[in-house]
Amino acid sequence: MIIVLGKNITEQEKINILERIKENGLTPHISEGIEKTLIGVVGDERILQAKPLDGMPGIEKIIQILKPFKLVSRDFKNENTVIEINGNKFGNGDFDFIAGPCSVESKEQIFSTAKFLSQKGIKYLRGGAFKPRTSPYSFQGLGVEGLEYMREAARLYDMSVISEVVDARDIELCYKFVEVFQVGARNMQNFNLLRELGNQSKPVLLKRGMSSTIKEWLMAAEYIMLKGNSNIILCERGIRTFEDYTRNTLDLSAVIAAKKETHLPVIVDPSHGTGRKDMILKMTLAAKVIGADGVMVEVHPEPEKALSDSAQSMNFKEFDNLITEVKKLKWPQ
Amino acid sequence: MIIVLGKNITEQEKINILERIKENGLTPHISEGIEKTLIGVVGDERILQAKPLDGMPGIEKIIQILKPFKLVSRDFKNENTVIEINGNKFGNGDFDFIAGPCSVESKEQIFSTAKFLSQKGIKYLRGGAFKPRTSPYSFQGLGVEGLEYMREAARLYDMSVISEVVDARDIELCYKFVEVFQVGARNMQNFNLLRELGNQSKPVLLKRGMSSTIKEWLMAAEYIMLKGNSNIILCERGIRTFEDYTRNTLDLSAVIAAKKETHLPVIVDPSHGTGRKDMILKMTLAAKVIGADGVMVEVHPEPEKALSDSAQSMNFKEFDNLITEVKKLKWPQ
Amino acid sequence: MIIVLGKNITEQEKINILERIKENGLTPHISEGIEKTLIGVVGDERILQAKPLDGMPGIEKIIQILKPFKLVSRDFKNENTVIEINGNKFGNGDFDFIAGPCSVESKEQIFSTAKFLSQKGIKYLRGGAFKPRTSPYSFQGLGVEGLEYMREAARLYDMSVISEVVDARDIELCYKFVEVFQVGARNMQNFNLLRELGNQSKPVLLKRGMSSTIKEWLMAAEYIMLKGNSNIILCERGIRTFEDYTRNTLDLSAVIAAKKETHLPVIVDPSHGTGRKDMILKMTLAAKVIGADGVMVEVHPEPEKALSDSAQSMNFKEFDNLITEVKKLKWPQ
Amino acid sequence: MIIVLGKNITEQEKINILERIKENGLTPHISEGIEKTLIGVVGDERILQAKPLDGMPGIEKIIQILKPFKLVSRDFKNENTVIEINGNKFGNGDFDFIAGPCSVESKEQIFSTAKFLSQKGIKYLRGGAFKPRTSPYSFQGLGVEGLEYMREAARLYDMSVISEVVDARDIELCYKFVEVFQVGARNMQNFNLLRELGNQSKPVLLKRGMSSTIKEWLMAAEYIMLKGNSNIILCERGIRTFEDYTRNTLDLSAVIAAKKETHLPVIVDPSHGTGRKDMILKMTLAAKVIGADGVMVEVHPEPEKALSDSAQSMNFKEFDNLITEVKKLKWPQ
């Protein structure tokens, strides 16, 4: 940590700052420049996250040098985390598909989808039962009923279930139905939810918030891991920018960054990331060549009748073409 | 609602679209242009939020004409909503102050703050007990203990308590301690929380999400109001942009917009909105002249020792100067 | 400047970095931390803007400590710059109005506007002759003819002319017609234009680019001032964000920042800043109380017939009301 | 075009609007809804770009239906534009490389780079002679001297030169030295420059502005094409967002969009798009699989001594590895 001192700092203010640093078991090094005086803080500056110095008189600016996250970082653990889900390994170098409808809408819908997907070799079934929707007048999901349908379908077709949990009170209930808990973009900083998922023995798929920096995203994962659950799959799903041609701006550099900074598997959601069915295939190919561990794609038997996200959902034929193309793309070689 | 049809739409696709519109009790009007064919949908298009048409083949684009919110709009209720809080009226044309520390840190801290504020005529005491923090290593708040201190201090100094609730499970508990529930920026789309606050008999202060559009913000308020609670105070607290001189970019036009579109009181949080103590006074003056109903300002007896947000908290002397200046500013006349 | 060294830096790489620093007449100070080694660079680090170190092997990150701008800063000159325009003083503590149509469209239009404005005591007439328009099919301005009309109208009604110059080749021509050269948002980083305006003896009104940081804006002013012209008026006109309720997001904190960091006058353009006529008055009041030196407002005899920006232009009656209201607002007292 | 009328519109205002539409040779269709009345405008609504209706009393909102661009669109010309550059074909389905230093710094530097690149089969040499730099204290480029070096090197190694022109006055001069004129992000809306390049007989590489929407980018290309020059290469180079891990956020969906909407070749600049050398390879692979026509990459013999952009420039070995990897990636098959 570097502390830049203000021009007009008094001797007493400087002493106060130095003492606060020492009180915390850290060592200050003063460096007098021509225009500015700096204090370099030696030691684990993360200690000061709990006792910040920001407001001390005489301080102009504080610059963090160390990364704010620890457990999720490659410095902490260099090898890739591989997550076992129902006997399958996620993050082991393969490119995996998670697929299914935005919302579970009926038994028929999810069964036909699961059947189709399992025939295509897909092992992970997604589907929303509790839907966070911008409008209270939009379809809000089937709730437990949706989870039950998914579970049954998954059992029948030997798939694993991934579904979003939006409320810590639902964790216990969901636990029985899902193999992977999903945390949606809107809940990326729902810290109670993160903490309680950190206590679970099942993996968590953590979507990036729609205006979250990469650092904030990794800090959210740190919340989960700090509680003991290190089975976290990161998912880039587009960020909010000024561009409105697409629903969000898919930030593939965040995937490269997350793979570099952390040991966790990282996937891409090209459905939400673009909001456009006609971009899903290309973005999936891109995800593969940049080293993502997979994609999560919205698939629906009849997208034109979907109660949510229909513009970004593929029908069976389109998804079939997607996996055919992706398989053709051999990378890395 | 206007539906723009794709160039290559088939006759059958067109028929399907027209039927879906009619099935929903709406009336389609076709208008053939030279380059595009449009279908105007007459009736309450919000019906289609529950049964969206987006994914139907042949549709190029759907354009909403009506505002997606209803109950919070001035069309629904034209007069300003005035909220009674402990016998005081919020939103009645006065410019009110909500003040207090970012976090409750100790009994002494909140008592001395409440004492000072009440002497200055401030009626609303803010203070965080459950703190949503980007880093798990940062101070997370005192929890119930913090609420107890606030309640006691408020009783002693005859103030009303405003505190953030981050988890629907805490509502019942918090209910005993607060006069106003605060929903923070990170929870603006925590819809379960909104729904349950909609069932409460106490007002809700709803902060705008850090990358939420004005529409999304008002839709979040709609969630609360739809459940029966119309005592909602909207709070603009800055949005996330590329600019990093300030912590956020305070969007005062959102205040003007919210006052125009809704009947709800709207306030400004210049502490979070700028992240800089040296901008709070000026932004408060600005809030007043554009017609905001008040401000929420972070005040701490010793900002240099604050466990959170110290760079944007005023000490007593600074806050004293703030209210003196704001009182001098007579507006509207 | 602080240089953060990479974990795996070699001894030779470190030596190379130290030598490069010394070659440039600067002094390096090494500080060994537990996780990171830093080099503090003492001396005027701006020297390294011309010979950057960024790409040297072994460097993880470089952190600038000093502000990149010099001449425009309050460190260079603390007193406010007051600009004389036709015998009037701009930036002397008054709140000034620059007004007129977006585009000069006809002799009648600009004469009637100038007449009206001068009757209201307005001294600065704006009007675009060379219009930068997103679409080539939009009205592109009258060119020299427009400047001639403005000049005549200004002479008749004793006003000063402010008009945009979009091409360095037009400076000489424009010089005869205007008292103040305007640089538009799209040209804020047209450095040749800035340099040549830096050689002129007339003031420059420099708009902030639509996605320019405050630092970049001040660096653009530095380009002008470095050539010798210190008569620069800064103009905040809204930045581009995700919000689409308004045309741009007016960033009033940038005004406070620019007033703090520089000695130059700073004004606000609430017409472009919001794109909405119904927000101009309130934003003008806000500009006044936060300490801006004035506003630039679009006024047109018949906004409904304007060839550009009609939704954000006031008619005479609306503008009359604006100045009446602004005069009522006494601030500072 | 759809015109949404305000609730309180008067009969006379409605008549005025209808007349203005008819005056312009267009046909209005009124559609009375329950809450809103709309006017659909039939005919080429682009006529109204020159005579906008926006400010007419009684209009609440105007919604464009047609795309604002014409000549660059696939509706105008469906087949891909293939550009001949020195006997090579750009945009014919191959994946091409444009490479070279950010700035030409010396004869030795550009000659060694050209030699290396030509050995690797690269046909297009980039290098900046006129550099737009945020700081006036940074290296501003060698000017004509730089162009001369590039020309000589290109002649010797049989390459084509691509260099940025920042001022319309330099076009004639540059014409002698370059095969392709580059328009940088900061000049994307320098309309005089675009118009004059539209009159040239050599191709133009048009970078997307750092906060330009896809529509605005294509409208900038429309400016060039309207003057007669249809040899335009579009280049996505990252947009400005809140994320600061990368220099910009590379928006690959814009490439897919531009390929879909226009007939022009589209390339990617992963150097500026990320600002990080360690992301260039992956982003190049991604560009290839999504269907870009190539990339423009910064290559320097000694990036650690580069006078600009050193953190995002590859050295020869790194670039050699890049093309080896890209060649291995067979796509489409």
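Here the chain labels run A, B, C and D in written order, and each chain numbers its own residues starting at 1.
Here is the rule we go by: contacts are C-beta pairs under 8 Å (C-beta built on N, C-alpha and C of every residue); 3 or more make two chains touch, one makes a residue touch a chain.
Here the structure is a predicted model, which is why all the values come from computation and not from measurement.
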*asked:* Can you tell me which chain lies farthest from chain C, using the average of the Cα atoms as each chain's centre?
replied: A
_Need the CA-centroid distance for the pair chain A / chain C, whole Å please._
39
*Distance from the mean Cα position of chain D to that of chain C, given in whole angstrom*: 26
*Approximately how many whole Å separate the CA-defined centres of chain B and chain C?*
32
_chain C: positions in contact with at least two other chains_ = 211, 240-242, 244
*asked:* Can you tell me, using the touch rule above, whether these chains form a line, ring, star, complete graph or other shape?
replied: complete
*Which residues of chain A touch chain C in the complex?*
2, 4, 29, 31-36, 38, 40, 42-44, 63, 65-66, 240-242, 244
*Using the touch rule from the top, collect the residues of chain A that touch chain B in their complex.*
16, 46, 49-57, 68, 132-139, 166-169, 186-187, 189-192, 210-211, 216, 219, 222-223, 226, 240, 277, 300, 303-308, 310-311, 313
*What residues on chain C touch chain B, complex-wise?*
211, 213-215, 239, 241-246, 249-254, 256-257, 260, 273-274, 276, 278-279, 282-283, 285-286, 288-291, 328-331, 333
